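Chain lettering (A, B, C, D, E and F) follows the sequence in which the chains are written, and residue indices restart at 1 in each chain.
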Amino acid sequence: MNRMKILKKMSLTMAILATILAVSPIVMNQVYAQEEAVQQAPQKTEVKKPSATDELAYAVDNMFLFFCAVLVLFMQAGFAMVEAGLNASKNTVNILFKNLMDLCIGVGLYWLIGYGMMYPGDAFKGGWFGFAGFGVSEKLGDVAGGTLHPQFDFLFQVAFAATAATIVSGAVAGRLKFAAYLIYSAVLTGLIYPISGMWKWGGGWLDAMGFYDFAGSLVVHAVGGFAGLAGALVLGPRIGKFNQDGTPNPMPGHNLAFTALGVFILWIGWYGFNPGSQLAFYGSANTSAVGIIAVNTTIAAAMGAFGAMLFNWILYGKPELSMALNGALAGLVGITANCDSVTNGEAFIIGIVAGIIVVLGVILLNKLKIDDPVGAFPVHGLAGIWGGIATGLFGDHPLGAQIVGSLVIPAWAFITMYILFFTMDKIFGIRVSEEEEIKGLDIGEHGEEAYAGFQIIETK
Amino acid sequence: MKLITALIQPHKLPDVKKALFDAKVYKMTVTSALGAGAQKGYTETYRGAQEEINLLKKIKIEIAVNDDFVQPTVDAIIKGAKTGNIGDGKIFIQPLEECIRIRTGEKGKAAIG
Amino acid sequence: MNRMKILKKMSLTMAILATILAVSPIVMNQVYAQEEAVQQAPQKTEVKKPSATDELAYAVDNMFLFFCAVLVLFMQAGFAMVEAGLNASKNTVNILFKNLMDLCIGVGLYWLIGYGMMYPGDAFKGGWFGFAGFGVSEKLGDVAGGTLHPQFDFLFQVAFAATAATIVSGAVAGRLKFAAYLIYSAVLTGLIYPISGMWKWGGGWLDAMGFYDFAGSLVVHAVGGFAGLAGALVLGPRIGKFNQDGTPNPMPGHNLAFTALGVFILWIGWYGFNPGSQLAFYGSANTSAVGIIAVNTTIAAAMGAFGAMLFNWILYGKPELSMALNGALAGLVGITANCDSVTNGEAFIIGIVAGIIVVLGVILLNKLKIDDPVGAFPVHGLAGIWGGIATGLFGDHPLGAQIVGSLVIPAWAFITMYILFFTMDKIFGIRVSEEEEIKGLDIGEHGEEAYAGFQIIETK
Amino acid sequence: MNRMKILKKMSLTMAILATILAVSPIVMNQVYAQEEAVQQAPQKTEVKKPSATDELAYAVDNMFLFFCAVLVLFMQAGFAMVEAGLNASKNTVNILFKNLMDLCIGVGLYWLIGYGMMYPGDAFKGGWFGFAGFGVSEKLGDVAGGTLHPQFDFLFQVAFAATAATIVSGAVAGRLKFAAYLIYSAVLTGLIYPISGMWKWGGGWLDAMGFYDFAGSLVVHAVGGFAGLAGALVLGPRIGKFNQDGTPNPMPGHNLAFTALGVFILWIGWYGFNPGSQLAFYGSANTSAVGIIAVNTTIAAAMGAFGAMLFNWILYGKPELSMALNGALAGLVGITANCDSVTNGEAFIIGIVAGIIVVLGVILLNKLKIDDPVGAFPVHGLAGIWGGIATGLFGDHPLGAQIVGSLVIPAWAFITMYILFFTMDKIFGIRVSEEEEIKGLDIGEHGEEAYAGFQIIETK
Amino acid sequence: MKLITALIQPHKLPDVKKALFDAKVYKMTVTSALGAGAQKGYTETYRGAQEEINLLKKIKIEIAVNDDFVQPTVDAIIKGAKTGNIGDGKIFIQPLEECIRIRTGEKGKAAIG
Amino acid sequence: MKLITALIQPHKLPDVKKALFDAKVYKMTVTSALGAGAQKGYTETYRGAQEEINLLKKIKIEIAVNDDFVQPTVDAIIKGAKTGNIGDGKIFIQPLEECIRIRTGEKGKAAIG
């Protein structure tokens, strides 16, 4: 009986797949037609043969971006480890799965529509929205230093989109339905992130206004952090997080070694995130910029961890690892917007302040009775805003524009995502049942436990 | 003296602990266990293979008490653990002949509390 | 007594070592003599000083290959984590050890003889077997774009050899004797893999026939996958895997977080595997090719995971992480042969199909009562063949030659490895005792447990 | 009450921070003033515009160093995993925290003073000590192949400093106070390592003498290994390590999967460590050198693991994973000094010998009743010295100078660090209380456990 | 009522469970344990240090039953766990004075099954 | 026959094992447990939230013995586990009605040792 059902489902799927395979060439041709239309104009200049120097500079810059993209993609492993480690073992499969699907859905949708919305081309300069067409060109454009092959550019950008999406999975951990998460993830990477991304990096209105965000303290991290806040608010805290008198209970993560490994991986991945955002290595000005960016990134991360450790030590009388790890990430987020505009010494200060902000942010969330299991909001939301402001304070960019951008982008992410989570909640309910939450989402949502054979005693 | 053993739902441990503390029972030993009882397990398919998981995670609490403490202790456990649903658990009471405090060598009533 | 024995063994080893040290210069000279003889001819052209452009292009291409090789070598960590996570905790040390030794033995033997057999030079064009001599040249050859230093080429190729070998360790997990595994590993990396590798990449008969396998869906992955199948067949299933009525029992892995981390690492490593197989970055045609390869790889991986998740969801009513992770790998394996020959859209389809194949493959193995604990055969064997066929379907390569290659290479690996495992089994028995299997190979083979202090309840 | 205290501390910290923020510009200006003074002279030559070839070569070399630096920084994750895995679960947070802080403090201090002490410039040639000024120049210097931007150079060097420091954390695991460790770490990265580093790599007296240490078998690894030995000696063994009759008890690590992962990561990181130390890729001589270095590194690592496994098998009748993993690291340490000066075949021998040395070193430590929980001394100290000597035996460098350097550097590290640990111990006691050691440093020092929810049965 | 405690080889748990189910014993509590008994441990050398491991992994099953169920339960355990080799394990039987179902407050015979 | 249960500090297990072996008690079952007793726990703040941890890690040793072995066993446990500090632990003695060796079916005295 059961077997019959499965066989039936199998054949059905196969039939659908066959149909897809049959029609796909047509669809794909359509995609390419549109795409080629868009790319027509610039392709013309391709006629003249590039010089050896152009070819070499082109190779150097694209190779640089390629390896940077790989580093940024590696961050997905870092997020997965950080978030899995900071949550209960009974939700491990769920968290890992959300991280994997972020990337997979992100790649699919950002390829299909997101990239075209985020980089719509000069026609939409200074605007609020644009679209360059489906897919990503596979054609070679101009060959010269500083010019990027669209495929490499896409690879780099899609990793950023996946990063923004994956930040949220930690904030909503332990209680959000898996299917709701997949919908959220699709909307963020396919719509919300590309739109606000276009405002700055696609040449939109924030860019025209003079707002500066080098590698995405706001465009990427604050978007993720505030989307996570929205999710945490709509969901409410996990069972047992807050007592009736409002005091919080610790719900410690099940594997801090995973969390530490994840932070080291993220730190490493950030060497793609920030330096890669220079988008060029050739030319001594670029080379020099990348060098300063890399060192600033390192110093801010180090001081973020150090600052958080020290501040926590002063406040609570002990150095806490999970806080220092959050501090390192906050330092990295804080320097992201301005790593090319500040000195090593200023990076030092930006890092320490970011580390302190994260400790205060955790206190603030506890006060407000908001449950963000991994500290995604303090790390990416608050330190992201700090990054935007610091760009004005230290980095010779107009403070006014920085403040506008540092308010508008978080607000955009928060409001749209609040509406999304709220609407989904009204329609089908986004929170798992109390029983499922208690038993763990691994059993409830996936029927698969992460640690078969290990005896685990969970008391929360 | 009696040895009271309770098998409860894992997430009820904080409530039971609180009820026991309110009843002035401060000493106990807790272990994790897997239990099969009236509560139905769940079926998993894993990579195409099916299995009924009928051993569910439980917490086992053992408390050694003097005879006059048996009823209050049982009551406290029930107060903390009861939800009215299947899976709430069981309490077993066994005779306990002797109790010795390792630190002092005290025995019986003096040692148990 | 015990101490005396150890001291005796120690001095014996030292004596042997001293002898080796004494004779090694002679042997080594021998190696170099042969090697230099082989390299003589091309070395001659080295006389003229290369131009700055040649030097630069040479640097760019070799640097590209260097970092790609590092990424491919990183895949060893990925395999170790995937396989350790998908098995019982009592076999963790054994699995990790096999993965480490794959690499170590692979490096030793592939350096000594494998590389010379796989790339025997033009003299053996179109043939079945050749040998260029022992070791790898340390001499600089031609300096120009697209030319690789033999040492970098070796580094890249040895990582591929180790990959092919390590695939098997998952399929035979939990029951194969460690010593037998070491022998298998030596034979594969020193003999079987280089021979079939030569047929295609060394310019052998399959290459001459027009068979295409860009980065090794067949040459690397199917070889590993079918060797694993041979091992699993000779060994038979683990105790408790199949009931008397033939139905399978789940034997879930002990740490899906390791498995997920491993898959992320493998995904990252594949950016060395596929793009690096272009073997050049300089020249806008190469640059463009690498860009398309990298994006195709990404899309296929993402869609492999997505397809496997969805198909599993449809069949069994739940999204299963371990299956989605296998799906990502299957997508990667499927795109490996054709990543340079298909469009992004085609990569999308190749990935989804690979994801579905892996689910069907697991069902098939269960039906056939073959026990492959990590799904090595569906992921590397079946998706490998799919990759070869897809190269013909989508990639403008003659379908006939693709089918021949996609049958011959798996058959070669399966037959030779079946003979090897079978013969070893007849001679000394390759399966551990029932008692050892039940207690775990960590205790039986290594006297070392992976998780000292953790209480583990294993019931299988 | 508690809350009031925390609020008070919070405002105090804020006040201090505000002051720092206010004065920091002044201090920073000071740093830059000094720094620019130092950089004045070479800056002058910057006037003439570099040629395209110079720009390209500059980009290639700096990009090479950048990615190598990232790989070396990744080694921090490797050390964290190796050391965490080889210790008891009750000390996991502590070990991870020490590894994190090594890097953070190292970055801060090595940036502020260490780099200026280690590379003081030509003025201090052949000397014992020098100082170029605070901070690191952010100015572009000469643009040409082989010239490095100071920021990239710093990034690469600081990763080396952090490596030297982090080696110690394993040797003193399980009993050293966290605060004492922070002090040690600051002294090593800010003072001891830069001084001896300057002797060789900063152009000091050892360099003048003809001593050769390509990538730091001694300058980095032996410094760490012998500093660790000093710490282990001052601290004494962990409770329960040695019986009254002097025989050692096994205290197995709690997670060998972490240790294996860590070793794979370190191995990968070493492709930055050794090849990067060529400090240039452009120019076929450099390209060729890097290729040979990378392959030698690979072969030595493989043979180190293989040698250790085999020797352990011979001695104790079983292949032990933790020993093979240590062997891989020993092979890597052993080849570090000479990877550019030996042939592949010699690397083979150097690796095997290193693997054997590590097994003997563990036996030696047991005999001497020294407790080094992770084998830091055999791996980094003994194999480091072996690397120095092997440079003389195989590498065409004067054996005399090699012996001097291989004695002086370890002695320097051992003596200064012994004095430091000893003095700290006299002043405030560096060992945690017996009770804390038994319960674990995670609870005692950090009030945070690594594995919440897992039932762990520790019997030592 | 009696409390039956069995210590068995870990890999025999599925068989014992099956035998118990066949004997209509559906309720039990399972924990993991380390046991020293007639079964010899094994010697490990770890990085040059030797140790005899004499605590082996065991599974502990506890079953509370009415008196007339004691013999069938013991038989079922033996059926499932016996191989004839050292290490097969032991069964202990203790008096059980009371059994309470937390959900309903039922006692004794009514509660145990 | 009696069932002796001891709850001791985890790090005292090797000493207790040694003392038991010296007293010729070779059989036992060991589990890990969490215990609340006279010993005070410790307070943790975790990310700004406070909690009193009052369940401390303990080791539980169960030994089934013949009546004449009760005293030597208790003495051995005390010898191995006692430090004089709070937290040393407790020993409980319960009646044991039957003991069966699964391998042979032997019962009672013959089975216990």
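One rule holds for everything that comes next: a contact is a pair of C-beta atoms (placed from the backbone, for glycine too) under 8 Å apart; a residue touches a chain by one contact, two chains touch by 3 or more.
The shown structure was predicted, so the numbers you read here are calculated from the model rather than taken from an experiment.
The set of chains in contact with chain C as well as chain D comprises A, E. Among the remaining chains, those touching chain D as well as chain F are A, E.
Between the chain pairs B-C and E-F, more C-beta pairs are in contact across E-F.
In the contact between chain B and chain F, the residue numbers used by both copies make up under half of all numbers at that interface. Chain C has its Cα centroid 32 Å from the Cα centroid of chain A. Look at where the CA atoms of chain D average out and do the same for chain E: the two points lie 51 Å apart. Inter-chain centre distance (chain C to chain E, centres taken as mean C-alpha positions): 45 Å. Shared contact sites, meaning residues of chain C that touch two or more other chains, fall at 56, 60, 63, 67, 252, 255, 261, 316, 318, 320, 322, 447-448, 454-458. Counting partners per residue, chain B has 30-32, 34, 44-46, 50, 94-95 as the residues that reach two or more other chains. Taken together, the chains touch in the following pairs: A-B, A-C, A-D, A-F, B-C, B-E, B-F, C-D, C-E, D-E, D-F, E-F.
Looking at the complex, you find that chain E touches chain C at residues 9-11, 13-14, 30-32, 42-46, 50, 57, 59. The part of chain E that touches chain F in the complex is made up of residues 2, 6-8, 31-38, 55, 58, 60, 74, 77-78, 81-86, 88-95. Residue ranges of chain A in contact with chain C, taken from their complex: 6, 9-10, 12-13, 17, 20-21, 24, 27-28, 31-32, 50, 52, 55-56, 58-60, 62-63, 66-67, 69-70, 73-74, 76-77, 80-81, 84, 92-93, 96-97, 99-101, 103-108, 111, 135-136, 138, 140, 143, 149-152, 154-155, 158, 178, 255, 258, 261, 445-455.
Interface residues of chain C facing chain B in the complex, by the touch rule stated above, are 247-250, 252, 316, 318, 320, 322-323, 359, 362-363, 366, 375, 457.
For chain D in complex with chain C, the touching residues are 53, 56-57, 60, 63-64, 67, 71, 88-90, 252-257, 260-261, 263-265, 267-268, 271, 275, 281-288, 290-292, 294-295, 298-299, 301-303, 305-306, 309, 311, 314-316, 318-322, 324-325, 328, 343-346, 348-349, 352-353, 356, 360, 454-459.
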